[in-house]
Amino acid sequence: MTLEIETGGVQLSTPILPASGTFGWGTELKNLVDYSALGAVVTKGISLHPRKGNPQPRLLEVPCGLINSIGLQNPGVDAFIQNYEKELSALSMPVIVNIFGESPQEYAEVATKLSNCHWVSGLEINLSCPNVHAGGLEFGSNITGVRDVIQAVRNSTNKPLWAKFSHSTHLFHLVEAALEAGSNAVVLLNTLPALAINIKSKQPVLGARRGGLSGPPLKYVALRDVFDVYSRFKCHIVGVGGIIKPEDAVEFILAGARAVEIGTGAMVHPELFIKCRNFMSEYLKNGSYESVENMVGLAHDDQHV
Amino acid sequence: MRDSPTHFQLTITGNEKVGDRFFLLSFENPGVSFRPGQFAMVAISGEPYPLLRRPFAVSRTPEGTLQILYRVVGTGTRLMSYWKKGRKVNVIFPLGNGFEKIQNACILVGGGSGVASMIALARELHSRGTPYLLCVGTKKSGELDPHSSVFQNPPLNVKFATEDGSFGFHGTVLDLAEQHIHSFTCAAVCGPPAMMTAFLERFPDVNAMFSLENHMGCGTGVCLGCAIETRNGMMRVCVDGPVFPGKILLPEHLK
Amino acid sequence: MTLEIETGGVQLSTPILPASGTFGWGTELKNLVDYSALGAVVTKGISLHPRKGNPQPRLLEVPCGLINSIGLQNPGVDAFIQNYEKELSALSMPVIVNIFGESPQEYAEVATKLSNCHWVSGLEINLSCPNVHAGGLEFGSNITGVRDVIQAVRNSTNKPLWAKFSHSTHLFHLVEAALEAGSNAVVLLNTLPALAINIKSKQPVLGARRGGLSGPPLKYVALRDVFDVYSRFKCHIVGVGGIIKPEDAVEFILAGARAVEIGTGAMVHPELFIKCRNFMSEYLKNGSYESVENMVGLAHDDQHV
Amino acid sequence: MRDSPTHFQLTITGNEKVGDRFFLLSFENPGVSFRPGQFAMVAISGEPYPLLRRPFAVSRTPEGTLQILYRVVGTGTRLMSYWKKGRKVNVIFPLGNGFEKIQNACILVGGGSGVASMIALARELHSRGTPYLLCVGTKKSGELDPHSSVFQNPPLNVKFATEDGSFGFHGTVLDLAEQHIHSFTCAAVCGPPAMMTAFLERFPDVNAMFSLENHMGCGTGVCLGCAIETRNGMMRVCVDGPVFPGKILLPEHLK
C-alpha cells in the first residue's frame, strides 16, 4: 500500500501538496508543518522581474471564503534562485515552481532560468495572469493564450509542466490546448474572480479593487471541473480549491485528480497536510487499495448519466 | 528566549468582561517562552466559519497565566465573547518578532484595541523595574475598566485619556502622551492607522517602535496578505513585524 | 425620495425582487412575505412541455452555500398559465416569467404564449440551459447561443426581455450579444457549476450528479461581474447572487445594478425582502439620494484603476 | 385549526438530554394552532453558517409547552445541543399538512429520528382517548431514555424494540409492529427511507400514513428541493406532505 504517485511527470511521495501562494517560497513552515506529509512543495508565483504586488488591504474574509489581491508580489526569478536555492535544494522532495509573466516570452525566460536549476522538479504555469498585449484578458481565458504560453515554455525547458487554470465555461477547449502544447498535467482551479464593496465608503474594499475567491465554496466548482475534465480527457489532474478537511482531498481523487493542493485551508490549519496524509492512508487501507492510483476517478465507475 | 511557533490546544481559565467592549481571556500556560509584542493566531471555531484565525497579542500575568485582552469589533471577537472556562482553543503561538528588550525609560501609547499590544510590554517593564508610563486612550469612559486586573495585576503605571473627557485626561491619547514624552527616551505605539500616522508626524524625532495590526491571512509569513511597503522594501507584518521601528515606516502605507 | 426604478423596461416599485426558482410560481408566500417589499415577482423557469426535474437528492448544503439540482421541474407553459393566471394577474405588481427551452424555437414558443398574457410584465430568459443540439453546451456560454435565443424570443414578443447569465470569463461578449439582439437588461448571475462526492458510496451526492452553487460566496463573483459589465456597458443590470443581508443589496446597486434578486437568502429568511427594502430606504435617506437611480454605480466614481 | 406559517422568535425553556444522542428542546408557546405531523423550520444561527434552516416535527405537552425531540446527526443538530434556556430561536411554523384527525385505533411506528414525528400524534391520541400503540425502534438500549418526559408527559402507551435486544423487544421496530398491527385499523410511520420502504412491502394492505424526512431548502413550497415522484405526480414533501398516504408513495422514490 503506497501513497506514492507519478503526477504530470513528477514522482510524488504523497498526493498532498501546498497550493501556490499560500506556502511562501517553500520552507517558511518547516517548524510548523510535518513535511513528510507533502508530496512536493509548490512556491508562490515567480516572474521575470520583481513585483511589489498590490496595495493594502489585500485580504477580505467572506462567509466561508477568502478574497485575496496579493497581486503576485515576488522578488523576481533571479533573486528567487539566489535567495532560496540553498534551502530548497536541501529538501528531500520535489520542488514545483509556479511561474507567470506578462507575455509568452516572459514566461519562457523565467522557465529558461529555472531549467538550469537541478532542484526544480517541475513548473506550474499560472495562466490566470492578464495578457498585457491582449487588453488584459487572462492568457488562460482563450485557446490562443494558452497555446502561446505553454508552447513558449515547452520550448524553453524539458522539465515537467503543469498548466494551472481558473474556472471557465470553456475549460475543455483550454485543457485540450494545454495538453496539445505539451503540458504534462493540468491544475484545477485557481481562484474565482471576486469583488466586494464597502457601503460606507462606497468604494471596493480591496486596495486593488478586484480579487480572487478561495476557500471551502470553491471546492465544489473545482470538483465539478476535475470530474468533467477527467471524464473527457483522462489526463493527469491536480485538484485545488477549498480543501479544509481530509475528506475533501479524497473527494478530489475520486473525481479524477492524481494529487491535490491545499491553499486557504492550510493557511488556517497548517496541520491539515498531515491530517490529509493520514486520512488518505486509512482510506486506502480500509478500501484495500494498493495505491492512490487505484482510487483515481472512482466516482466515474457507475453507469448512470 | 522565543520558542518557535507551535500548535496548542489551550484550556480557557477565564473570559472576563473588563469594559463595555473589552474582554480578558485567560489560558493555562503550556510553558512557552515569548516576547511582548508576539502574538497568537486563534482559531475561532472548529467549523469553516469564521474561516480565518484571528491575531491577538499575548501577555502573561505575574503568576504565569497567558492572557489575551480583546475588543469586540466583529464576528470573530463577538463569538469569542461567548467562550466559557474549560473550553479548549486551538492557537498557533508565539508568532512575530515582538519587542526587543527595552533598557531605557519608555512611554507606551495604546489606542482602542491597540492597548492590548502594550500590556505585555508594560508588564515586562514593570517586573524588570524599567521606568515606563502606559498611556491608554479610548473614546469615552467605561470602554476599558481601569480597576480590572488588566491594569492591576501587576498594578501598572498607567494614565487614561478619553476623547470626551469623561474619564482621566481630556483629549486623545497623543495629547496625553505629549505631556509626558519628554521624560522618556523611547516609545512603543499601537493603535488605529490614523493614530499611528499622527504619532509619526507629531513626534518625528522620538525613537518609537510601532506594533501594527493588519488583517492577516496566515500569520506565519506564507500568504503575503499582510505585506506593506516600508523604507526597507516590502515587509510582512506577521513575521518581519508586527513591531517595526518608526523610521522605516511610510505613513501612506500604514493602511 | 423614492425606491421606484425602471429596470429593463419594467417599472419596479422597489429594486428588491425574488430570484427565479426560489419563489415558486409567485404567490406561495403571500402569508409569509410582505409583498410591499417587492418590486416584482419572478417565477421559476417555465418550458414548453412539463418537466419532472431531477431525482432526489436535489439539494446539498455546503459551507455557506447551497448546491441544487432541481432540474427545472415545471408544469409547462400551458398549465402554468391555466393554474396561476388568476392569482398572478391579481397581484398589484409586475410579474416576470423566467423561461427556458432546449432550442431557440422552444424559447420562442414559450415567449409567444406568454406574450398574450396581459399580466406578464417581462420575460427573464434563463440562458444557463443546455443546448441539446450543440452537445449540451449551455446557450449562454457562447455568442451564437445567446444571439440565437434572444433574437428568437425578441421576434416573438414585445415584452421587456431580461437575459440571465451564469458567470463566464467571456461575459463581455455574451452581454454584448444579448443587448444587440434586443435584450432590455441582463441578469447576473445564475448559479456556479458544482459537484460533490460522497466518499463512502464513492458516487456524486446529488441524484443528477451535477448541480449549481448559490448562496453567500456567489455574491462576490456576481458583484465582480456586475461591476465589470456596468463599467463596460452602462446597461441595465439586475444583480443576483448570495444576498443574505440588507447591506448586500446595497453593494449590488453601488456596483451598477438597478435592481437585485434574492434567492437562497430569502428561502432561508423570507423576512429578508422587507429588511432589504427598509434598509435601502434608510440608506437613501441617510445619503440624501432622491432615488435608487442616483445610487446606481456609485462605486465607480473614484479615479484609481 | 391550523394557523398559517409565521415567523416566531421562540424563547427556549429547556434543552434536556434524553438519551445518548437525543435532546428534547422546549419553548414558550406563542399560542399557535397546529396538527401533529406539522413541522417548524428552525434557524440554527444568526450567521450564514449553517446556512439552511432545519425541519423538525413539533409536539405539545399537556401544559401547552412546544417541544422538539431531535437526534444529533450533523452540524446543525450538534450546534442545537449546546443551546441553553433563555436563548431566542427564529422559527417558521407551523408548516406542512400534518396528520388528519385519526378516529380509529392506530399503531404508530417510529425509527431513529423518525420517532420524533410520532410523539405529537401519540400525545394527541392519548389526550383524546383514541386507542393507539407507539412502537419505538433504536439500534441499542440507551439511545432514547424510556423514562424521560418524552414518553412520560403524558405517560404514553409505548413499546420499545432494539436491534441488538439490549432493551425491550429484540428486533427491528417493524418486527415489533408486526406483533401488534392486527389490533389496529391504521398506522402512522416515520423513519429512515429503508424502514419506510420495508413497511410498504411488508404491510401492503395496512392503511398507513407516512411522514417523510427529506432534506429541505425552504420548507415553504417554493424551491422544489424536496419534491418526489408519487402515483399522483410530483409532490413537495414540505407543503403537500410531509404526511402522505402509503398508497400514493412509490418506494423507489422515497429517497
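The chains carry the letters A, B, C and D, assigned in the order they are written, with residues numbered from 1 in each.
In this section, contacts are C-beta pairs under 8 Å (C-beta built on N, C-alpha and C of every residue); 3 or more make two chains touch, one makes a residue touch a chain.
Small disclaimer: the values here were computed from a predicted structure and weren't measured.
K.L.:
Report the chain whose mean Cα position is at the greatest distance from that of chain A.
P.N.:
D
K.L.:
What's the distance between the Cα centroids of chain B and chain D, rounded to whole Å?
P.N.:
That pair's centroid distance is 52 Å.
K.L.:
State, to the nearest whole Å, the distance from the C-alpha centre of chain A to the C-alpha centre of chain B.
P.N.:
Using C-alpha averages as centres, the distance is 36 Å.
K.L.:
So how far apart, in whole Å, are chain A and chain C when each is placed at the average of its C-alpha atoms?
P.N.:
Computed from C-alpha means, the inter-chain centre distance equals 33 Å.
K.L.:
So what's the Cα centroid distance for chain A and chain D, whole Å?
P.N.:
47
K.L.:
What positions in chain B touch 2 or more of the other chains?
P.N.:
47-49 - these are the residues of chain B that touch more than one other chain.
K.L.:
Identify all positions of chain A at which a residue touches two or more other chains, and write them in rising order.
P.N.:
Correct list: 63-65, 215-216, 244.
K.L.:
Once you've mapped the touching chain pairs, tell me: line, ring, star, complete or other?
P.N.:
Graph shape, chains as nodes and touching pairs as edges: complete.
K.L.:
Which of the residues in chain C end up touching chain B in this complex?
P.N.:
63-64
K.L.:
Applying the document's contact rule, which stretches of chain A touch chain B when the two form their complex?
P.N.:
It is residues 21-24, 28-29, 31-32, 44, 52-53, 55-61, 63-66, 68, 70, 73, 215-216, 244, 264, 267-271 of chain A that touch chain B.
K.L.:
Which part of chain B faces chain C closely enough to touch in the complex?
P.N.:
Those in contact with chain C are residues 47-49.
K.L.:
With touch defined as at the start, can you tell me which chain B residues reach chain A in the complex?
P.N.:
Contact set of chain B toward chain A: 4-7, 43, 48-53, 92, 214-218, 220-229, 234, 239, 253, 255.
K.L.:
Under the touch definition given earlier, write down the residues of chain A that touch chain C in their complex.
P.N.:
Touching chain C from chain A are residues 62-65, 67, 138, 141, 166-170, 192-197, 199, 202-204, 209-210, 213, 215-221, 223-225, 227, 244, 247, 250-251, 254-255, 283, 298-299, 301-302, 304.
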